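Here's a structure for you.
Letters are used for the chains, namely A, B and C, taken in the order the chains are written, and counting of residues starts over at 1 for each.
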Amino acid sequence: MTGPLLQVAGLGKRFGGFVALDGIDLTVASGERIGLIGPNGSGKSTLVNCICGTLANDSGTVSFDGKVIDRLKTHERTRRGIARSFQLPRPFATLTVAENLLVPLLYTVNARPGNNLSAAAIEARGADLLQLVGLADKAAQRPRDLTQVEMRKLELARAMAAEPQLLIADESMAGLSQVEVADIVTLLIKLNERGVTIILIEHIMRAVMRFSQRLVVLVSGTKIADGAPADVIRDPDVERAYLGQ
Amino acid sequence: MRSWVFFLICVALAAGVFGCARLIGNDYAFFAGYVVLQFIVLAQAWNILGGYTGYVNFGSAAFFALGAYTSVFFHKFHPLPIPLLMLLGGTVSGLAGLGMGYLALRLRGAFFAIATLALAVVLQTLMVNWSYVGGARGAYVIRPESVWLIGNYVHYLFLLMLALAVLAITTARTIERSRLGYGFATIRDDELAAEACGVPTLRLKLIATTLSGAFMGMAGAPFPYYIGYVQPAAAFGLDYAVNAIAMPMIGGTTTWIGPLVGAILVASLQQWATVTISSELGLLVVGLLLVGFVIVAPSGIVGLVQKHFSAGASAASLGRKAKPADTP
Amino acid sequence: MDLLLNALVAGVLLGGFYAAVTIGVSISFGILDIVNIAHPAFIILGSYIAYILNTRLGIDPIVASVIMLPAFYALGGLVYQIYHAAFERYGQESLRGLAFFFGLLFITEVVLILAFGVDYRYVEAPYIGPSLHLGVVDLPLRMLVPCLVSLAVFIALQIFLSGTFIGRAIMAVAQDQLALQLMACSPTRIKRIAFGISIATASIAGALLVVIQPVEPSIGREYIGRVFAICVLGGLGSLPGTLIGAMLVGIVESLTSTFYGPSWAPAVAFGFLLMTLALRPAGLLGR
């Protein structure tokens, strides 16, 4: 596959008079591990929403796998291979944990041309994922019976169930203990080794530094740094804007 | 249980019901039974949209009335057998459902509900101004005396509505357990997350409004022959809208059992009230029950039963339930 | 031409009245985000109470509605308490809240039918009947007086909302509940006051309604769509916007009624609503 996997060019988004994103350029090659950091309100989630189609960008373009996807609805982008987890977990409350994973399997994986998995195969994939994130024994429970940590894992697992080429993990680790954070980072790295490109949005610097091959910094809707993690965190602008706080 | 097995069981039960009614021989049983069956269909139809996907339709009367007016139109134009009228009424109302969906489904829940009400009034105004079907004065439809094989025409109507009820229940149940049912549930639970999981929410919602509208139209098609006189104020009446909402909400909105239980209970109650005191009192009871259940028992009767039976089970599972660890 | 001019004037007067009808919903829906579709039922209730006081005690209907303001305010407070305790606290307003208000609408209508029957009721007042004549234009007093009263209510509310502490708190509660709490104001209390005011306006609107036309219990239904159409057209929560929206709907309805027949009038507001919702979803979805 030639060319970048994801190409964001001149992306702009405003809410009334407030400029949330101001001409963002971002190129993501297949297989990369990108960390996206920035202070609260800098536009990280807005950027994710625009990439995924939850919000419509006002200017600029988003291209995925060589094709412009601006006009596509969210579910179409998911089927093309972009999956995201939400900052505040949004599980399907009336479905069980296992059924939550069935949804992307049924509606994304099975909806891709050429796929026609049997019910048994789908259930097997769901079970594998639950095993991977450590929620296998909670399969028959409702999301409201899960702990915060387990809900975040479910959120991540559900995004992974869509078998994406690009996974955007939006602050999946808030509130987790050191061990749990390390577990999730390991999980994500393993996923990346299987071929999934990952953009990790996080505040926990330890995790970001360990995970990222490249670090992007967003402040007040503009990208102020984009490069090797070690270089970026020594950048004086970055220090001033974010790390110093 | 497989869907076709369920269907056969329903057909057998329905045949039993019809047989019993014939044995009793009291015509009133057929008259009242028709109303109850009609509401079973309306409640199931409403629930496909309102209960499964969570989009509240306040304009149910419009789809019902469209089905009725389709029959009135053909009655004046060229009378047709009722099963055919039901198909036609269902098609017209299904298309109306599709149209309403197209116009209104991009709206947030409350706006959608108001839009459905608006549509109902627009349709009512159209009918009021269409003199071919009687306009504001209404239209008379003479019921034939008897029909081949079954004899009494009201028995025939009852049988048709029974068949439609079986169809509605089976459809609702089949949807519930299918991929479509999962899609509907995710729309109800969290539409944004559903889209992120690849669920084509708009398409599914349109399917729901079309199906819902179609069944309501099919329920309305025999109505002119049942009642004999159709006028917009009654056909588009608020009581259809309220009943269509109250029955699933009282019975329980998440499964096909809820609308069935709710319809039988509420319709019977209303029939009893109409006969003993007055129809207005029956309506008042429905309204009070709706408000009461919505406040106190939002999961309906089905929900109450489930809670009662799982109270023992959940006590045992409390020990295994993980407590929230480090809640930030 | 005369017809057109009269239709326009009638439309403006009607619009003024519609503003009074809608202002309650501007508060409950536009500011508090509570979909009170039972508002028309409260208006009709106001109409009937004005009717009773007028026929039994000979009190002028509009004066009667002002007397009843405290009662309606209290009723609004009570309804809000129930709504808040049952739904708002759990964040499940959508389906259940809607069903709750729908049920209230229905119950009110049926109770009125049981109490008064379906006959039309009307009131007597010195300004029902005579008209002012300005050249070719007729100004029926039974339309002019409600329009003026409505404008007075509007101005009073606008002053209240922008001038007094509680008024500003009400505007604030829509935007930032936390900040309000930090200012030692209970958002619940503020919302209850606001909802009480919303229902109180229904008392006056009801009296104005019964002055303009005879009422019967099911009239409320026509107003559901009108009220939300105007609210949405005018921009949720904006009082001046509501006034403009009301005028617009009033004028179009009047023109339709005059040139196409009154039986088409109900569809106008609803048609407006559907069009607005269909064409401006982006502006509305964000809420």
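One rule holds for everything that comes next: contacts are C-beta pairs under 8 Å (C-beta built on N, C-alpha and C of every residue); 3 or more make two chains touch, one makes a residue touch a chain.
Here the structure is a predicted model, which means the values were calculated and not measured.
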Of the chains shown, whose Cα mean is nearest the mean of all protein Cα atoms? B
Could you find the two chains linked by the most C-beta contact pairs? B-C
In whole angstrom, what separates the CA-based centres of subunit A and subunit C? 47
Please report how many Å separate the Cα centroid of subunit B from that of subunit C, as a whole number. 31
So the centre of each chain is just the mean of its C-alpha atoms; given that, what is the distance between subunit A and subunit B in Å? 41
Listing for subunit C: what residues touch at least two other chains? none
Two or more other chains are touched by the subunit B residues none
Given the complex, residues on subunit C that touch subunit B span 35, 37, 82, 86, 92, 94-96, 98-100, 102-104, 106-107, 109-111, 113-114, 218, 221-222, 224-225, 228-229, 232, 261, 263-264, 266-267, 270-271, 273-274, 277-278, 281, 284-285, 287
Mind pulling up the subunit A residues that touch subunit B in the complex? 52-54, 73-76, 78-79, 83-84, 86, 90-95, 99, 102-104, 106-108, 111, 145-150, 158-159, 161-162, 174-177
Subunit B residues touching subunit C - in the complex, by the definition given at the top: 50, 54, 56, 58, 103-104, 106-111, 113-115, 117-119, 121-122, 124-126, 128-129, 136, 238-239, 241-242, 245-246, 249, 278, 280-281, 283-284, 286-288, 290-291, 294-295, 298
For the subunit B and subunit A complex, residues of the former touching the latter: 179, 182-183, 185-186, 188-190, 192-202, 254, 321-328
